[in-house]
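Two complexes, one shared chain (chain A), two partners (chain B, chain C).
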Partner chain A sequence: MAASIREKQTAALKRMLNFNAPPLKNTAAEPLWKVLIYDRVGQDIISPLLSVKELRDMGITLHLLLHSERDHIPDVPAIYFVMPTDENIDRICQDLRKQLYESYYLNFISAISRSKLEDIASAALAANAVTQVTKVFDQYLNFITLEDDMFVLGNQNQEQISYHAINKPDIKDTEMEAIMDTIVDSLFCFFVTLGAVPIIRCSRGNAAEMVAVKLDKKLRENLRDARNSLFTGDTMGAGQFSFQRPLFVLADRNLDLATPLHHTWTYQALIHDVLDLHLNRVTLEETPASDSNPAGARPKKKNKKTYDLTAADRFWQKHKGSPFPEVAESVQQELDAYRTQEDEVKRLKSIMGLEGEDEGAISMLSDNTAKLTSAVSSLPELLEKKRLIDLHTNVATAVLDHIKNRKLDVYFEYEEKLMSKSSLDKSLLEIFSDANAGSTEDKMRLFLIYYITAQQPPSEGDLEQYKKALIDIGCDLSPLNYIKQWKAFTKMAAAPANYGNSGVKPMGLLSRVMNTGSQFVMEGVKNLVLKQHSLPVTRILDNLMEMKSNPETDDYRYFDPKMLRGSESSIPRNKNPFQEAIVFVVGGGNYIEYQNLVDYAKAKPGKRVLYGCSELFNAPQFMKQLSQLGQK
Partner chain B sequence: MNARRRHGTKNNEEGVYTGPSQTQSQVLQPLDAPLAIPAPFAAPVDSSSSMSCRDRTSEFQSVCKSLLSRQNGAQTTKPVNSAVRQRSDFTLAAKRIGRDLANTFAKLEKLTILAKRKSLFDDKAVEIDELTYIVKQDINSLNKQIAQLQELVRSRNGQNSRHLQTHSNTVVVSLQSKLASISSDFKSVLEVRTENLRLQRTRQEHFSQSPASASSFQDRSFSNSVLLQDNSNKSDISIDMDLRSSQQMQVLNETESFIQDRANTMQNIESTIVELGSIFQQLAHMVKEQEETVHRIDANVQDTELNVELAHSEIVKYFQSVTNNRWLLIKIFLILIVFFFIFVVFLA
Partner chain C sequence: MAVDRTVVFRASVKTVKTRNKAMGVGYDCSKDELLKRDRHKHGFSSRAKEVISNITKLKDFLLQHRKDYVNASSLISSDLNRMTDSERDQIDQDAQIFMRTCSDAIKQLRTEAGKPGLSAQVKEHRGAVLDLIESYLKSVCKLYSEQRAIRVKRVVDKKRLSRLEPEQKRKVETPKSNDAEKTTAEGENNEKPVSDGNVELWEDSRVEDELSPEEIQMFEQENQRLVSEMNSLVDEVRQIEGKVVEISRLQEIFAEKVLQQETEIDNIHQLVVGATENVKEGNEDIREAIKNNAGFRVWILFFLVMCSFSLLFLDWYDS
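Now for the complex of A and B:
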């Protein structure tokens, strides 16, 4: 896994766009123009990875949705990137009949079944277009990569594989099977793209185990078939310098319900929690500052601004995981650096203006020309930097507004203390009654975390008090029902997860303000410094990777698809610690866990960790699912 | 369908092709899959590459053949659509330009290699000049061709469908940007060449002439070449110079011509750079017209959604204002009643 998963998927996409030939580096080749057609799943996969400009560089002139009205473009080849569902197949057959394009390169995101292939073949025959269907490929790309080391399963079918769908009490076996199949299909595509066969470990007795069993079976079948194996020696050898296989840990969301509800303090996680972050794109609503019309009929128009957070944005890559005050400072520093560069360019301009009048300045002129050309060529860079700084200023300001309005720092501190079981200085009731601090959702989250992390459940009297306080504020208590059930269930299974020790130290506010004098005046916002702590998922990963023996993880099942006979034993054969690991959370994950894993991997040099989840939700979305479950 | 089940495929539902193909399965059913019996339509294995995808093309074609053979018995074959793909002249022109661009790029690469050589004596000035000239001509002609293509696209604007128009525009823009990159490479090659010429000259003078005479030669050669350039204005001065230094003229002639050569080359290079500058401006203008943005592919969809929503809300508001406006209704009724009275009273 020398290359990250993002690079691998991008390389696979580029190869597909180059008619499935390895891409040539030679720009002297004649340009070939093509049209790209995708469905919504394909759109979700491509949009975080390739921008329109990159598509144009590869010769794609048009990119269209499959189910839109498309016109006849008679002499251009078309590349399709779709899922092999029935509607898509019908639409493709329609296109073949209408003869919209010159030739058709069909790429299916996951493997197409034989019967559907026959459907296409019969449509092609009917339209006399068999020669036009130049290639049919299975691309095995059915997952969305968001970061270098983070991936999510489909976005369009989120409802089907959500936490709610997996854990609802009235789920039928067939539904469960369907969900498991979807998840396993995507995971299989992931491993094919990665080019490695992992060793699978999972806990017992939950959805993760079912996924592990099925995945193991699928990998094994594929490996058995020596002719058709997707994991031939070439894919394994190319680009991989370690001969070790990666460790694949399948965790279930039920292992740790507090983390998705947690209030957070790092930049990326905050954006996901507070603003609308979707497939690496942030949407901010800006209300214009004009006063409303007295005549009153039209409400203020809200402008929505969207920003892309890409891999090319160096500031973002550096500060995704930093705590928020650090981010604010860094934005200020970048702004200052940019201003000095801008002044430099302006100064050069004025010098040039003066020097032009001097006669004996021929040699100086050439020197200045060189400086000017360098300044001119660096202008695009400067403009780009300015755009990024603006972007981050806007986003950070929006986040800061939310923090100030809802006093998220207070919640964060309190929850950290709850999760680390250190002493609490304020009681819950005080926070609930504080009208300024946060929305009802925040208070509900806090209460749920308290309930989850408490060693013993609170006494009946206390519970009633809390419930009354919450109902007074207007919270919805249905998540609580579900959490009670969950707690009862997990108590039967194992000891509740330990959140490890963490310390949160508030730093003096005044010293910060005086040091930086930045525009991010964080009045009344405590400047909290995070100390390292491990979430349950991270700790489990640590135990499994380092082959430590720990009562939590000793009971995990062990699967090795390369072994000849599937063994039921949970004794790992391999005694060496693993260098690479992939953590997948069935039932949903979020950026807090991702950040924690990234920090863990950074602390241990030489180890690489990838994080994946079946869906990515932030706390409000998770609360909604919990309340749906609680109402049943 | 019965046809499929009869052959008893060994596919599982996900479509992973784990067994020999249909046409062979009757014979091979009792045998186990991993045996190395090569089936003619075996599912393809990309063993030579490290691609993480699977090619189903031959499977597809085998399916087509089998379906065709089944159909042949039932009905007469329809005439196959001729593979003559009538390419529009736009596509032909674009392909031609693309080929020319590729050729020019190859020539430019050769020129780059030549210009980078720093050896003192093996200077292939003639070749470099020729190549420079050829490349310059090529770039000019490409510029004209692309401008023509753009005209063609604009003239077809009315007849073309929306997508075809976008496609044509994008093709033109990409050709322009490729031309721009070739021009900028060409410019940098010329600059490198100028630099090298300058270095060569200084080194040559350093090594091939003695220092004392070199400086005097330099001065005089400088002044001579400068004067020779402005000889139209300063003819009397040059004549004076000639009279005064007639003996040295013959000695100077040779070095003079050599330096003259160099000066000419430098002039050519400078003029070429100026021309390139103008081409750049033109290209920049054309590219700006197209307004390339760095949107992601799902940007437009969201934009349109938003706009449609806003438009819808505006219309709804207007509708509500109209329907709720009681005064409007009353006014309309009054007018109708007035007209009714007028007609009844005056015509009755």
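Now for the complex of A and C:
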């Protein structure tokens, strides 16, 4: 697993785009042009990994949706990258009948069944296009990679595999089976791409266990079938150099409901919570500068601006996990550095102008040509840097506005205290009655976290008081019903979400002092410093990876697909600590957990952790699902 | 890892065929396929493929002769594969003509592709194909210019070496050698004249061996002085050549940028012209409005004056 999952998936995509031949290193190769056709699932997979420019460099002249109107383009090979669903197959057969392209390379995102292959075969025969269908491949790429070490399962079928769908009380067995099949299919594709067979561990008695059983069965079947096994062959050689197998931890969302509701303070998680972050793309609503318009002018329209946060953006990669004030400072520093470089270039311009009148300055000329060459070559870099700084300035300003309006720092501090069971200096009622601090959603989130993390449930009187206060401000109380049920179900009363030691040290209202000269005047926003703390998921991972004995994780089930006979025991055969781990949360995850795992991996050198979830939601979306569940 | 299901696909095609035969469903002959192929023989993509094959031929040709082209052992005349300079020039010229024809062909294809009557997708596709071909041509041109730059550098270095040797061997007749030196300092293709000049001087020096020792010493001193002068000149000239090559490269970059800006400036020009027109029309409208205003005022005044006069008249009439 030396290469990250993102690199592996990108390499697989590039190979596919090169007609499934390994890409040549020859820089001056003949261009081969092709047309790429994908469905929505394929689009979601490709868009975080390859930009349009990279597609063009690989020779893709057009990229189109499968179900759009497509014209006849002769003499062009077409590469299809679709899911093998019935409507996609019908559309492909239609294309074959209409003879839209010269040759067809069909790549299915997950495995296609024999009967569907026969459907395509009969359509090809009817259209006399059998020789045109040049290749048919199963790509096993049915997951979306967002970061080097983070992946999500499909985006299009979020409704089907959401937390709500898995946990609703009136779920039928068939529905559950279908959901499990989808999840297992994607996880199987993930392991095929990764090229490793993991050791699976999961807790008992929940959706995660069902997924683990099915996944184990599927991997076992595939390994038994020695002829067609996907995990052998010389292409796998590189992956097998790491002798250790990775650990795959399946966690269920029900283990920890407070983290998705938590208010956060790191850059990436804040953007996901407060703005609209989707597949590494941020959408901002920009209100143009507000000059008072005289009466009669048209109201100014709000523009929507989208920004892509990519792997090539060095500032983003460095700071996506840092707390927000640090980010503000760093943006300011980058801006200053950029300004000095710009001034240098401008100075060079004036020097060149003067030197042109001087005679016999050959040595000076050589120095200046060298400087000029370096300036000219560094200009594109400078422009790119400026663009990135603008991007981050806009995004950070938007986030800061939200923080100021909703006083998110207060919530963050309070919730950290709740989760670490340290003493509270303000009571809940005070915060509820404070009209400036946050929207009704924020207050509801705070209350739910309080309810979840309380050792004993609050007394009836207190509860009624809180409820009344919440109803007064207009909150919807249905999530509360669901949380009550959840608490009753999971007998986690013994160790309710032990969030570990976390302390929050506010550094006081030093906004003005710290930020003199900074664009971000964080008035009234406390500069909070995060101490290291571990969320439940991280602690479970730590126990399992280090083979520590802990009552929480001791009765986790143990699956090893490579063993000849499956066993029901939960005694691990392998006594060494693991070096690589993959954490997957069934029912949804978010960036806070991801950031926590990244910090954990950084603290332990030599360990690599990947994070995955069935869907990625932020707190408002999760609240919606909870209220749907609570209304049943 | 991707799994190749093509074999399975072919097998299922056979199954379907046998099934169709069993059920008595017939299918058309496969002759139509071949006919369809012939139709697109002279289409856009075949011509584009021709251009690409030409560019590939040029690339292969350049790569094939690269070793000989850059060969630095031309001083040793025993190597049979040595390329003469005229051959190198020939290659340069041919390559340039070829590149020009290729870029013309690309431009022609582009104008053809821009004609109306094709769907938007096909147009976009053709535009992108032409972009790809252009970038391929650019990379091949880079190969060529790299080769050329290496050749120029080697020639300059060669000049430096070849000039110093005859200086040390010769004893007399410095003026003739000076002339020969000056001519070599200017051009690249003067290897032959230099060697010819050297042969002549050898013969001359052997004839005039009977000069007196004082004269010889004087001539030697003069030689030394001239040698040092020439060396410094040569160094400066070499530096200037190097700088000029760099400057030409920079110029290329600048020219590119300027061309890019040209289109933008054209746009701005159009916009400005439009803006001046609008402003002129606005002025006219304002003038009209003022006039109307003024006219309106005059009428009001007139009306009021008339009213007051009529009032006075009536008053006088009545009393």
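Just so it is clear, the second predicted complex is superposed on the first by the 602 of 632 C-alpha atoms of A that agree within 3 Å, B and C clash if a C-alpha of one lies under 4 Å from a C-alpha of the other, contacts with A are read in each partner's own complex, and residues count from 1 in each chain.
In this section, contacts are C-beta pairs under 8 Å (C-beta built on N, C-alpha and C of every residue); 3 or more make two chains touch, one makes a residue touch a chain.
All values derive from a computational prediction rather than experimental measurement.
Considered on the superposed chain A, chain B and chain C are sterically incompatible, since they clash.
In the superposition on chain A, A:T306 makes contact with chain B only, while chain C stays out of contact range. Contacts of A:P577 after superposition: neither chain B nor chain C is touched.
When the two complexes are overlaid on their common chain A, residue A:R281 makes contact with chain B while staying clear of chain C. When both complexes are overlaid on chain A, the residue A:E221 reaches chain B alone and has no touch with chain C. When the two structures are aligned on the shared chain, A:Y140 is found in touch with chain B and with chain C. In the superposition on chain A, A:P74 contacts both chain B and chain C. Chain A is touched at more residues by one of its partners, and among chain B and chain C that partner is B. When both complexes are overlaid on chain A, the residue A:V130 reaches chain B and chain C alike.
In the superposition on chain A, A:S47 makes contact with chain B only, not with chain C.
Chain A residues in contact with chain B (one complex) as well as with chain C (other complex) are 12, 15-16, 20, 27-28, 30-31, 33, 35, 56, 59, 61-62, 64, 70-76, 107, 111-112, 114, 117-118, 120-122, 124-125, 128-131, 133-140, 192-193, 195, 228, 230, 235.
Contact residues of chain A toward chain B in the complex are 8, 12, 15-16, 20, 22, 27-31, 33, 35, 43-44, 46-48, 51-53, 55-56, 59, 61-65, 70-76, 84, 102, 107, 110-118, 120-122, 124-125, 128-131, 133-140, 181, 185, 192-193, 195, 218, 221-222, 224-228, 230, 232, 234-235, 237-239, 279, 281, 297-298, 301, 304, 306, 308.
Across the interface of their complex, chain C is touched by residues 12, 15-16, 20, 27-28, 30-31, 33, 35, 56, 59, 61-62, 64, 70-76, 99, 107, 111-112, 114, 117-118, 120-122, 124-126, 128-131, 133-140, 192-193, 195, 228, 230, 233, 235-236, 362, 365-366, 369, 372-373, 376 of chain A. Taken in their complex, chain B has these residues touching chain A: 4, 9, 11-18, 33-34, 42-43, 45, 47-57, 59-61, 63-64, 67-68, 71, 78-81, 83, 85-88, 91, 94-95, 98-99, 101-102, 105-106, 109, 161-164, 166-167, 170-171, 173-175, 178, 181, 292-299, 301-302, 306, 310, 317, 321.
Remark: chain C residues 1-6, 8-9, 12-13, 15-17, 20, 27-28, 30, 32-33, 36, 40, 43-46, 52, 55-56, 59, 119-122, 124-125, 128-129, 131-133, 135-136, 139-140, 143, 236, 239-240, 243, 246-247, 250, 253 touch chain A in the complex.
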